[in-house]
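Here chain A shows up in two complexes: once beside chain B, once beside chain C.
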Partner chain A sequence: MKKIYHNLKIFFLFSRYSLRSTLDHRAGVFFFLFGKILRFSFFFFLIFLVFSKNQLLNGYNFTQAIIVFLTFNLIDTATQMVFREVYRFRPLVVSGEFDFILLKPYPVLLRLLFGGFDFLDLVVLFPLCFLFFYFLFQLPSINLFSLIAFFFLLINAFLISTSFHIIVLAMGILFTTVDHAIMIYRDITSFGRFPFDIYRKSLRDFLTFIIPVGVMFSFPPKALFGLLSFQNTIIAFLISLISLFLSLKIWQFALKKYQVGGN
Partner chain B sequence: MIKVKNLTKIYQVYYRQNNLIKDIFFRKYKEILALDRLNFSIKENEFVGFIGPNGAGKTTTMKILSGILYPSGGEINVLGFFPFDKKPEFLKQITFVMGQRNQLIWDLSAMDSFLLNKEIYEIDDALFKKNLSDLTSLLNCSSLINKPIKSLSLGERMKMELIAAFLHDPKIIFLDEPTIGLDIFSQEAIRNFLKTYQKEFRKTIILTSHYLEDVNRLAKRLIIINKGKIIYDGSLKNIINLYSKEKTIRLNLEKQPSKDFFKKYSVINYQFPRLILKVKRDQINQIVSQLSDEIEYVDITVEDEPIEEVIKKIIKNNEIREKYD
Partner chain C sequence: MNIGKNNQKMINKLEKRCKKNLTIIRTLCILVLVTIKEYFAYRLNFLLWRLRTFLNLLIILFLWEAGLKSSPSLLEKQAFFSYLIYAVTISYLVLGTRTTDIAGEINSGAIVNTLLKPISFFRFYFYKDLADKMINLSFALFEAFLALKIFQIKLLLPQQIVLGVILLANGIMISFFINLLLSFIGFWSREVWGPRFIFFILVSFLSGAYFPLNLLPKIIYLILLLTPFPYLYYLPTKIFLGERFPLFVIFLSFFWFFLTYLITKKIWRLGNKNFSFWGR
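Showing the complex of A and B:
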């Protein structure tokens, strides 16, 4: 318990410093927020456009499609907010400053994953939550069980995303490449913006069981609409546990392979 | 305190085959032996200078001893721990200062980084205040701690780095070229600080530097490493006695010497009234008395061979020996 409190205290300190560094660059803040709003509005408009000509999208009505889209944005924004430091990992490895992180009596993975909390994403998260709850109450029928399943599957999505980010960090050590891995991750996850049922079965299976993007983004809203089987819910939790276990093994392997000799 | 037995490190490095297809699809790697079965131990309160040419394995050794790198083989025991395990109890007892890298947060003040380290190392308030005050007064830099790091000069930044690294009162200090790139005044300030700090707080310090003046002024023990092998481990004084075969005599002449004089002695430099001679160590007494008879001079000084020259010789001899072995 004392250890958790200690780690949390340091996490808040990192976050405070991250906020102060962010606010130092006002132009950056403006363009970041502007870009986020623009991208969000564009996709929101796209969904409106689709439903202006169709009543249903592969069985999903307008409110359900919006909820899928908002769930994607909630998970995507929350993980970016928490894992922002991963995006800055490459310069740390290339400059050798990663050595200092390895020398601190503070868990290396915690520092690299959570060491750069992004408050700008938090700013975006609030209106997203508001919109999500607004559309949630538009659904004709939701029950407590679906809501609980939805909540746990959100946490599950967060765990899968953690595994992805740990693998990205490991790649950063092994190949000093982070940006490309993140780009691929973001491109693949963007499939989750729309209900997965609109994709072909082969692609759907690939994105669910091979790269568990479907489990991250499609399963939580499906549970909310009462469309997810119990069997699939269990599979979702198993996938996240396996991916977390594998990612930690890859991370440990990468740490042993880390080789920066001279100063 | 530090015990190393047969420490080996092999780096895997990819090399170009000058063929794009092969370089992409059939990449070849070669193994580089960075450390070759090193054996040494370091006791408490020792100040050890680790020197050698670029790529000799100095930094690699220190990075393995501090737990940054995983060794390819051998046994390592630092304060009773295997460093790579990165146990918090171990990491709290060591520190590492790297001359060209900084651990301080660029946009914020040094004090912010100190406070972060205070939490990470779990330093209690009283100790933090005491250590901070001791260190800032030793380095004479209390006015700098609240300025943003980005606004400090390199020398000032190094002072802040040292404070950040020493705040938690570490037992073992790894210093990797702490004076690199600094002007002579800053170099001097850092050297004086390290000397006083080690004397006052009795720490174990391992230092690498390309400025031999650092090692000469600070370390009592010297480990010379070349191509991953230790080629000398002993006192700094001893190295001169063991390896230096010559001494330098500097004279300030009163009159020009005869032409025969220059044939008789090995003159390194002559620009009247200054004359520099090189003589064998075992002949020094004899030559000095001869000089008194043969020439007139105002002043004479006898110097040992510069440490740089001695070390260069050791490394060169080692390379020649390796070539023919």
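Showing the complex of A and C:
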């Protein structure tokens, strides 16, 4: 308990520093927020445009497709908000500054994963939640059970995302020539922006069971619409536990392989 | 006697011009080769970047495949998918750039090294851009081929090739100048990524990579035609697909080319006057 309190204190300290450095770049704050809102609006419009050609998108109506899109944005924004520091990891390895982090008296993953809380994403998260609830109440039938399942599957998605980010960190150590591993993760997850049923079965299975992006983004809205079986819900939780376990193993392996680069 | 002298002068002039042209071609070749070598020094990085772009293409094709499922006209589907494949492939030719490095060079002062080179700054970066475009296009063609196979698309053959190539060249130049302008922000501010981030988002939607712009409501479409975005790759793509446009739209493409050129030249001069650096 004492350890958790200690780590929480360090997390809040990092977050305070992060807020200060964000406020140092006022123009950057404006451009970032404007760009995010613009991108969100454009994709929203794209879905609207697709539905202007067709009433149903592989069985999904407009409200359902928007809920899938908003769920994707909620998970994506929340994970970016918490794990922003991962985006800045590679330069630390290349310059050798990673050594100094390893020497600090706190868990190294605490600093690398949670060390750069992004307050700008927090600002984006509020209107997203508002929009989500607006469209949620447009659904003709939702029950308490599906809402609870949705909530737990969101947490599950967050756990899977944590494992992805740990693997990206490990890749930063193992393959220093790769400078946008995190962006590859982002691109793969962008398959979740639209209902998964628009993809072919082989791709769908690959993205669900091999790279569990489908479990992250398509399972929560499916549970909400009452389309997810109990068996698949259990599989989703198992997948997140396995991926977290594997990612930690890969991280430990990468740490053993780490060699000081600079300094 | 005079005729002989004049001939000699002409020959000397021609020789000089040929030498100059040869030097330009040699410089172009060297810069293209160096840029290609730079790319292949980080092969895995580059391949992963191409993988990212291919994934994005797949997502859009899957989305529209589902969106057009109930469309009765096979021809409409064929034209739509042909548009998407052409637009995405052409976009790599238009948007591929190395000018993104300039802002960092301005901020670090390293731009001094480029300015000291015996080649015009604009030409130097244009040649580097050409190499970037060549590499990206060769991969994009392969990816387009893969997409055609996966989605079993019958591609429409290009038409109006001469006009299409002229407008494509305009698009390349407009993109080059806008990219330079975005980098020149570095002369006044260190916050250079923000405007580029917004430009990237605007281009990806308003230049027609996700859908043909004529799907938009007419008033929005007409307003959009007044901006530089459709002239980057929407217009060349549509021309290649055989669509006809009013003359003023073609004129606007040239208008944006000259306007962006003039603004870039002006900002470059202002930026140079404003630029100072120490320690190099």
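Some notes on this structure:
The criterion applied here is as follows: the second predicted complex is superposed on the first by the 258 of 263 C-alpha atoms of A that agree within 3 Å, B and C clash if a C-alpha of one lies under 4 Å from a C-alpha of the other, contacts with A are read in each partner's own complex, and residues count from 1 in each chain.
Here is the rule we go by: a contact is a pair of C-beta atoms (placed from the backbone, for glycine too) under 8 Å apart; a residue touches a chain by one contact, two chains touch by 3 or more.
What you see is a predicted model, and the numbers here were worked out from it, not measured in a lab.
Once the complexes are laid over each other on chain A, chain B and chain C both fit without any clash. Once chain A of one complex is fitted onto chain A of the other, the partner contacts of A:35 are limited to chain C, with no touch recorded for chain B. Contacts of A:57 after superposition: chain C is touched, whereas chain B is not reached.
Applying the stated contact rule after C-alpha superposition, one finds that A:6 touches chain B and leaves chain C untouched. Judged by the touch definition given at the top, the superposed model places A:143 against neither chain B nor chain C. Once chain A of one complex is fitted onto chain A of the other, the partner contacts of A:24 are limited to chain B, with no touch recorded for chain C. In the superposed pair of complexes, A:252 makes contact with neither chain B nor chain C. Contacts of A:229 after superposition: neither chain B nor chain C is touched.
Between chain B and chain C, C touches the greater number of residues of chain A. Aligning both complexes on chain A leaves chain B and chain C separated at their closest CA atoms by 8 Å.
Within chain A, no residue touches chain B in one complex and chain C in the other. Of all residues in chain A, only 6, 9-10, 13-14, 17, 20-21, 24, 95-97, 99-100, 102-106, 108, 255-263 touch chain B in the complex they form. Contacts from chain C toward chain A in the complex involve residues 42, 44-45, 48-49, 51-52, 55-56, 59, 62-71, 189, 191, 193-195, 197-198, 201-202, 204-205, 210-211, 215-216. Listing the residues of chain B that touch chain A in their complex gives 11-12, 34, 54-55, 57, 59-60, 63, 66-70, 84, 86, 88-89, 91-92, 94-96, 98-103, 105, 107-108, 112, 115-116, 119-122, 176-177, 180, 208. For chain A in complex with chain C, the touching residues are 25, 27-28, 30-32, 34-35, 38-39, 42, 46, 49-58, 175, 177-181, 183-184, 187-188, 190-191, 193-194, 197-200.
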